[in-house]
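Input: structures, listed below.
Consider the two complexes below, in which subunit A is the common component and subunit B and subunit C are the respective partners.
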Partner chain A sequence: MIARARLAIGLVALVAGRMGQAEPALPPPYAGAYQPQGVDEQGLWALMDEEERRFAQSDMVMREAALQAYVTKVLCDTVGADRCGATRVYIVRVPVFNASMSPNGLMQVYSGLLLRVHSEAELGAVLGHEFGHFEARHSLEQLKTQRSSGDVMAWAFVLANMAPSYDVVRAYRNLQLTIIGNFYRFGRNQEREADGLGIGYLNSSALRPQAAAQVWERLMSEFTADARAKGLKKPRFDRIPFYATHPPEAERAATLTLLARPDAATRDDGAARYRAALAPWLPQLLEDQIKLNDFGASEFIIQSLAESGWTAPLWHARGELYRMRGAPRDLVHAAQFYAQAIALDDTHAEAHRGLGLSLLKSGQTAPGQQALRRYLALKPDAPDAKLIGMMIPKEVPAP
Partner chain B sequence: MLPFLKWGHVMRAILSVLGAAILYCAIGSSSLQAQERSAVRQGFVLPPQSGKTILVLRPSVRVAEQSTGGLAEPRAEWTDQARAHIGAALVELQRQLGNTVIAAPEAYGEDARTVAEHLALFGAVSDAVVQYQFFVGNRLPTKKRDNKAGQFDWSLGPDVAKLPGAEQADYALFLHTDDQFGSTGRKMLQIVGAIAGVGFTSGVHKGSAGLVDLKTGDLLWLNADFQMGGDVREADGAMKRVRQLLEDFPGSAIPRDAPSAETPSGGKP
Partner chain C sequence: MMPGLVRAILAVLVAALLSPAAMAHKLREQGVAVTIADSPLTVTPGRDWNRLDGNIGKRTENWTLDGGQLNDLTFFAGIEPGKPLVRERSKKREPLPRFGASTLLVEIPELFEATYRSAKQIADFRVTDVQPIRFLGQEGVMFAFEYVDGDELTRKGEAQAAIVGGRLYMISFDAPRLHYFARTVEDYRKIVASARLP
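And now, the complex of A and B:
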């Protein structure tokens, strides 16, 4: 009983000590050439500055000046030119849906995100969310919360050890769960705040804010399609697991729909501009996605990109997806898809290659070799030219 | 799938195991961490005062304060001080050894990527040495025989010769230090913990240093120490730290610190 009382007193004292610290108002981190304030912020920024030195030279970064400039432009269009100057945008070649923001203004945009959004407004919604983390100094608050949580837990651990009775151990475990749960809830609330800031930027930009919810609706459809392809149960988008770092997708979509300015629904979302700007990189983004060996999600992404019209790269990607899975029935479909790509663009060398390989594998030797010949004619210096040449009898010199 | 992560996700992952970490700090024996190991490549000798030029790549220096709960709070000022003091101490000690230290020139474009790649590669190789060769019980089956024969054969490959500044130097030196100074709260916790019968450690002081041949890329010497001395935030402390890091440097005539203040050095593997 005494031990429990001591534990309680200790905790009350700790919590009171934390609450007594009043935070002075800080200027926004993008204002002018902002310099971090206070030891914690300075420490975080210095740590990330050092990390950025390394990260900027990483091979994961896509050094495509035009693409980088375009994504930066979308960020500036969303949050405003006065704000976006405080960030450095790095596009990293990671084929998953994500983006991240460091406290010092280092923004990472994953290539998988570029593949999954369909317009400047949708991209802006995600970039605005990340910028919201930066403007609201979420990493700093996260560090402080983590520190105070850890401090309380460490003291409670010591106090609980002073009287390790059954009741005290149970009280300690409950406290531990409460603190961890609170910490994750704190993180989710930061995400909600960032969502609110992000949609706020979109509302006051020239882009269509309704696009923000579309991102989440399409992502939920992708997860559903993926689960269906794997024979899994339909995923739930409304539950909050204990360790969830983000609010559930359905909640985010609903909130963003509500917060989008209704009179802005007629604005341009920049879908055509986005498609045109991304066109040079689309084949690579699709290739990276297909190599994830995630059939359901890849098929969904290709289909949803094709809603605005099938193109040769999309047909080719679909052919690759089926040919990579490689069941006999897939090869039949793959050959059809490659043929569609060739019908749209007869000079698409890789489509001829895929068609030839699919046909050869399904036993149609003559048309297969014909397609491979066409591939080599279109791309004589292809890296696999010798390998492909061996599949065409005429091209092999007599021994 | 964690959509819209921010960098704090790493910290979150840490917190989710924080309970376990506190427990670990409490019961974690220091016997495993108290080891210092170093090794020299067979056949490599560097006579004292041989006047070699050593290229120092940007040392990895991180100084933090350890919160009561054991979280590393990064400290910019301390890190800056440590970086300056360690650099100065390194120049001075190598001068005593008869070697010249040059800092790697600022690199741009392709060169900068080469440097970054080699820093990462050295990190991976030295981690592998520490993991699989220095400490008994975790050795790779394919390295067991080498260990018995006292062989130390690791390399970064001949591409190190393309590093900017490599043509003016004989060897490249890599340095890494990671410090967390226990906060007042952490020390209080340690004291109260001792009364309650829970042993907490306060502070983390790790360091490693490695020498690489700039012609062949071979790792010539590596020293790793998980419990280093010297307060890197001050000039004297940084001198002590660098002296400890260079303790078994080939051709070294650096006197060791007084044995009482010293972690006993492990034998050569």
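And now, the complex of A and C:
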């Protein structure tokens, strides 16, 4: 209770600070390891503990120890070593921008988030925001919402069972996911509070708090680019899982900028460290994004990652993206992008494969076969080696 | 409530109320040759199967033994160039990759992979093997794959495909890696071996 009161005072100070002059936010004093109070909260924690036992075994969790340790370190650098002791970080292989934290300290970080942030400070901003929800125990306030959606679920389940077709089962499953999502949808004021806490952690860390606004702005740009590529009038920001109920974009960006400590603007944001740490996983993260057939968003992500310099994996990913769309002009571009990847790294087997296929499809048989030969030389045990091998001697359409 | 939730509830309600009259699954009996999705493709099952009526596309058909989540046999009977493998939820907002006139045989596994990934919004999908084969009397491709679906279960699958007269013919099978795949994969291979085009 004392802990709670101290937290409340801290938050009041925080909000008061925001209402007055632009004063940088600082987190409230840490209250120490918290134990759930009362039946509601104890029940919620028990439920989440059970869920965590199941979730820890899930096939969706990425079990790469080095990556997990790095993300945990960024969280600890952001919120401080004492606070971060209350959490367990799980990295989930889902190609969307999202992270969430359960009331018992289980933090889920989606692989799509790791692809979209560019520095330790940006990752810390998102993780700190989620940690803010945890520290302020917003999920308890949401318990009532969860109860009423529980009734909706019960009825949907009964109705779905009356019609045992695959589509209905799938719709029911979507509904279940949506409601679980709903459980983590906080109110607008709770989001503001978590923003304040999140940036408070960054302010008192060694990372650059101004990065928080950057994450937000880049995500809005990605959705705008995606909508433009699809020929939509305007992007649907309410479809972004992480930001669905968050304050309007302009307000948010302004608030985040306002709350960041001005004198911290020159701090290191850890971009170089982040790139180095993520480098081994970047090709897989890019592949997961590109194969979603979401041209506008994928192109935006590649371009924004390339702002810090083009690399062979980035050129290769761009080639794959264009070859997959597959219009004649795309194949010409794809071949150029693969060639750029090869210029930077001649041993990039997949780039030779993509180059060969793009050239063959645009009618340049001889150079295409040459590239495929190089692919097989570099990767003789590739899964498709036999089929590619058959394409080399006799080859496709005579001109 | 957000629109996604409302839509999902409506989908469940509508499907639940309409389905008893509108939907009926069909038995596909052992040894009886049947045509697939009103196309020239015929197969002769080596055992009884159930054809599901939850239609996922104009030229597709779904068969199962224990339900679509446990063994899913899908026929793609003559996909035309410029069309996706299955029906799109929203052509504009959630487009699926398309089979094209210039698609190569070696790109069919990629097309299948990208379709699964974008239709299911999943990230963990691996093509584990690709082999040249004869299918429907033509040069074809066999590929094996493994993926983790949104229900957090790992599934294994296999598919055979050929491009005949500019159209894609493919039969795919996937089932949970644990128990179900190994149990039924031979029944799937018998169906593939029985597939004929006139």
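Assume the second predicted complex is superposed on the first by the 305 of 399 C-alpha atoms of A that agree within 3 Å, B and C clash if a C-alpha of one lies under 4 Å from a C-alpha of the other, contacts with A are read in each partner's own complex, and residues count from 1 in each chain.
What we mean here is this: a contact is a pair of C-beta atoms (placed from the backbone, for glycine too) under 8 Å apart; a residue touches a chain by one contact, two chains touch by 3 or more.
Computed from a predicted model, the values in this text were never measured in an experiment.
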First (subunit B), second (subunit C), both or neither touched by A:G326: second
First (subunit B), second (subunit C), both or neither touched by A:L26: neither
Touched partner set for A:L292, first subunit B, second subunit C, both or neither: second
First, second, both or neither for A:S111, with subunit B first and subunit C second: second
Touching partner for A:H138 - first (subunit B), second (subunit C), both, neither: first
Touched partner set for A:L282, first subunit B, second subunit C, both or neither: neither
Subunit B versus subunit C as contact partner of A:A349, first or second or both or neither: neither
Subunit B versus subunit C as contact partner of A:L259, first or second or both or neither: neither
Contacts of A:R93 with subunit B and subunit C, given as first, second, both or neither: second
Shared contact residues on subunit A - subunit B and subunit C: 58-59, 96, 152, 159, 162
Parts of subunit C lying in touch with subunit A, wherever the complex brings them together: 2-5, 8-9, 11-13, 15-17, 19-20, 23, 52-54, 62, 67-69, 92-93, 95-98, 100, 102-107, 109-110, 113-114, 117-118, 121-125, 127-132, 141, 148, 150-154
Touching residues (chain side subunit A, partner subunit C) in the complex: 58-60, 93-96, 111-112, 152, 156, 159-160, 162-163, 165-169, 171-175, 177-179, 182, 185, 230-232, 238-239, 244, 288, 291-294, 324, 326, 357, 360-361, 383-384, 386-388, 390-391, 396
In the complex, subunit A residues that touch subunit B: 36, 39-40, 42-48, 50, 53-54, 57-59, 96-103, 126, 129-130, 133, 138-139, 142-143, 146-147, 149-155, 157-159, 161-162, 176, 180, 183-184, 187, 191, 194, 219, 223, 243, 245-246, 249
Contact footprint of subunit A on subunit B as seen in their complex: 1-9, 11-12, 14-16, 18-19, 22-23, 26, 58, 62, 64, 67-71, 73-77, 79-80, 112-113, 115-117, 119-120, 185, 189, 192-193, 195-198, 200
